[in-house]
Amino acid sequence: MTKTNTGNFFEDFRLGSEIRHATPRTVTQGDIALYTALYGGRFALHSSAEFAAVCGLKPQPVDDLLVFHLVFGKSVPDISLNAVANLGYAEGRFGVPVHAGDTLCAISKVIGLKENANRQTGIVYVRTTGFNQQGETVLEFVRWVMVRKRDPAAEIGPAEVPETAPFLPPGRLVFDSLYFSHYDPVLAGSPHFWEDYSPGERIDHVDGMTIEEAEHMLATRLYQNTAKVHFNQHAEAKGRFGRRLVYGGHIISLARSLSFNGLGNAVKIAAINGGRHVAPCFAGDTLYAWSRIEDVWEIANRPDIGALRVKTFAAKDHPCADFPGDEEAHPQLVLEFDYTVLMPRRF
Amino acid sequence: MTKTNTGNFFEDFRLGSEIRHATPRTVTQGDIALYTALYGGRFALHSSAEFAAVCGLKPQPVDDLLVFHLVFGKSVPDISLNAVANLGYAEGRFGVPVHAGDTLCAISKVIGLKENANRQTGIVYVRTTGFNQQGETVLEFVRWVMVRKRDPAAEIGPAEVPETAPFLPPGRLVFDSLYFSHYDPVLAGSPHFWEDYSPGERIDHVDGMTIEEAEHMLATRLYQNTAKVHFNQHAEAKGRFGRRLVYGGHIISLARSLSFNGLGNAVKIAAINGGRHVAPCFAGDTLYAWSRIEDVWEIANRPDIGALRVKTFAAKDHPCADFPGDEEAHPQLVLEFDYTVLMPRRF
Amino acid sequence: MTKTNTGNFFEDFRLGSEIRHATPRTVTQGDIALYTALYGGRFALHSSAEFAAVCGLKPQPVDDLLVFHLVFGKSVPDISLNAVANLGYAEGRFGVPVHAGDTLCAISKVIGLKENANRQTGIVYVRTTGFNQQGETVLEFVRWVMVRKRDPAAEIGPAEVPETAPFLPPGRLVFDSLYFSHYDPVLAGSPHFWEDYSPGERIDHVDGMTIEEAEHMLATRLYQNTAKVHFNQHAEAKGRFGRRLVYGGHIISLARSLSFNGLGNAVKIAAINGGRHVAPCFAGDTLYAWSRIEDVWEIANRPDIGALRVKTFAAKDHPCADFPGDEEAHPQLVLEFDYTVLMPRRF
């Protein structure tokens, strides 16, 4: 019997089963620095312990997307080692903040299974939850992924596709202990408050960032994400694209970092409503990003905080100054990311 | 109205105005490790908490140039987002040491403005000061930078060019709490004390280091330096050089790291007297460095510490064993960096 | 007199002399994160402070090979600056665990010298010992390296070649304070306990990892290893291979990281019995690895812990699914690494 883990194939998943993922991970100050070096993030809440303290959090919480990548990474060996494609996300909801010193674990529950017509693959829907060492939820999200069958002839039960909400309602956002009543917009680097944004508004984030092989591999390993397609040029040279694929989450983090220019006070991601990797990215691609404000929500009893639902788009090798009429159809589009941010109000 | 920050153009600067920069930054142990990984520094004061404690500082202070890059990085979005070239530095003076856990902020004062004859650009002179969370100065320096005008026709006031000192006098160096009375040169890795250096002496630092795109981008993002020319190959391909430019500070740090071989006991930079980026650097270039001792200063009432004013030169793709008669005219020269270091005396 | 350190040549070494190495190094949380980013390690003992605490160690010890690289790096400027090749290791024995905050130093004793017949070079054998700030041994090992003579005509004493043991006997392994009685294999990511492995068993680690220039240089600088061949493309272009050589230790760490798939519970390296860099590696190479179980040892009075002597092989650009009959003769072999790991027993 081989001792090598071959990962789960489509027919190995059982509806309703819970999978406890391996490799608990203590987040360190080193992760904070590496995350900054990889993306150049400037959101003040994550950059400064002093700024975070003024917002009610001390020390500074680590970047929300770093939490996402770490929790996602844990699920890879069990869920997507035999994946063909990562299809989508929904119902992402951040819980208690994560600080250096916290240890993260993750569990996934299989909430849907649907074989594809060709019987070669099927779609697995899981709800993945990340916890800290006290058992508090730091993040939960649904994702669905196309997974190969080991044996195309294997019999699969009736399709079960879960309903997911198009977005997390503002009432379900978590922001206990976060206060913007003494928020300093000059230190934060943006004069624009929640009141300044309107539904339908578009923001070009202007700058571009070119991806290098060393960078996306450093990032993906930092997240202990073992998906094969990111690391092995010898094998990928014979694969679909002839090249190593960049982890989709790397693109999300690059787009988020670029979005500082225009959304600098969107210091906290509270929800991931959805996401779609429209096209693969490779080393050498230059990423540009722009955003569209989807919704503007007041928060009950909180005159200091407002929420924005934002859709950030990333395109490769194409600046976004000419907002297309229909973003979703941009020919160079690689990412559509729908999320909810918390922003200070002018009060 | 766009929410994107387009940065200040030459006509936006006002003489005497003070600009409070954004993005306070908590320095972490992760920055220490990344700085080591980027440059391979071996100066014992920054490498070892135990060695630093023997020198009166505990824990180890972070590398002086890391402080420089972080403070410099904060000034970029306000001062040099529309820069054509970073022209020079003067009167750099390090203050209290910075340790992991400190949070750095920065302010710049506009101390000079001079339009260029072509009216397309002008030179902005600023004095930038970095502070820690207690408001103590960690570093101040003057820099001047050529900035584009938004509108070449804009009327500009009379030229004002500040006087800057050619070097910081030894009496103004800061080294409270630094003691070399129990300095161990074997652990430090160099047998050469302050007494061993003479004005005019030249030191070849021998080794060469090749620059990679991923490295200079990781470094520059770590410093939250957003200057566009370092990151966007898609745009730079059509630019002046066809390639991404390496942040000049990356070259300074590489040269400093190479200088360990010959200046291993120059553990503390106390002043940056001047600096000039003679030519641009690109990924693939190999940096070599050599130094010339400019001055040798005793420090009043401190038998344990001496100061050296050093000029370190970096050249690309050219070993420095054949010291040119006139360093400043070396055809491959990319950097001239004039600074003052503190060194243990043999007592 | 030049102040540049030219390193020791073969004729500079004296049998029995002890060399105290420079550059004490405080290990930080940043090193932990960078090590994860460089290799993607998933061994739970090093990934999680909570998991380590359950094993009797808190906080998590840093990766054993990181300790090896740091101690090795210290010895380079004195031992192998003028090396032609790093020939082998023996009698490596890990001592007390290393945690973030510890400061490491190293000493080497010259235990053998043997001039080569051509009189151009000779083999230097050293026993290198790494200590923490309390003077406790964290690691000792023997290595031998071929070093150039400065002057081929220099007279050398009679050859002295030390005997080294083929492996460290299990009775000499150090594992005080390590307990596997509450070990959780699901969190660790592997269902295979010590009892499941048999001598002669082979394990294909399946995955491949491609090496980038930026990565191996970041790693080697992180270890403050200054060997010239890793960093200088300008000089290496004219050298033996036309390219920068990857530090051999980088290959060891990559192979160890790949070995998680099949040896996931081998969370602690206790000994390095031997190692051989069979062929050089370069950026662009893709590493694959497989292992052969050499020995299976019970540990007296410890029903929770067992030891395995493992030989891990790394090959470049060749998957290892077809285990060769004779691993040591694999045409693409780059590394043979013989070491002893501690693993939980099923009790």
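By letter and in written order, the chains are A, B and C; residue numbering begins at 1 in each of them.
Rule of thumb we're sticking to: a contact is a pair of C-beta atoms (placed from the backbone, for glycine too) under 8 Å apart; a residue touches a chain by one contact, two chains touch by 3 or more.
Being a predicted model, the structure only gives us computed values, none of them experimental.
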Next item on the list: With over half of the numbers shared counting as same, classify the chain A/chain C interface as same or different.
Entry: different
Notebook entry, point to check: Rotation angle for the CA superposition of chain A on chain B, to the nearest 5°?
Noted result: 120
Notebook entry, point to check: When the centre of a chain is set as the mean of its C-alpha atoms, what distance in Å lies between chain A and chain C?
Noted result: 36
Margin query: At least two partner chains per residue is the criterion; list those residues in chain B.
Written below: 28-31, 33-34, 100, 212-215, 218
Check: Considering the complex alone, what residue numbers of chain C touch chain A?
Finding: 28-34, 36-42, 44, 47-51, 59-60, 100, 186-190, 192, 196-197, 203-210, 212-215, 218, 261-264, 284, 286, 288, 317, 319
Next item on the list: Write out the stretch or stretches of chain C touching chain B in their complex.
Entry: 2-5, 20, 22-26, 28-31, 33-34, 77, 100-101, 103, 105, 133, 212-215, 217-222, 224, 226, 228, 231-235, 244
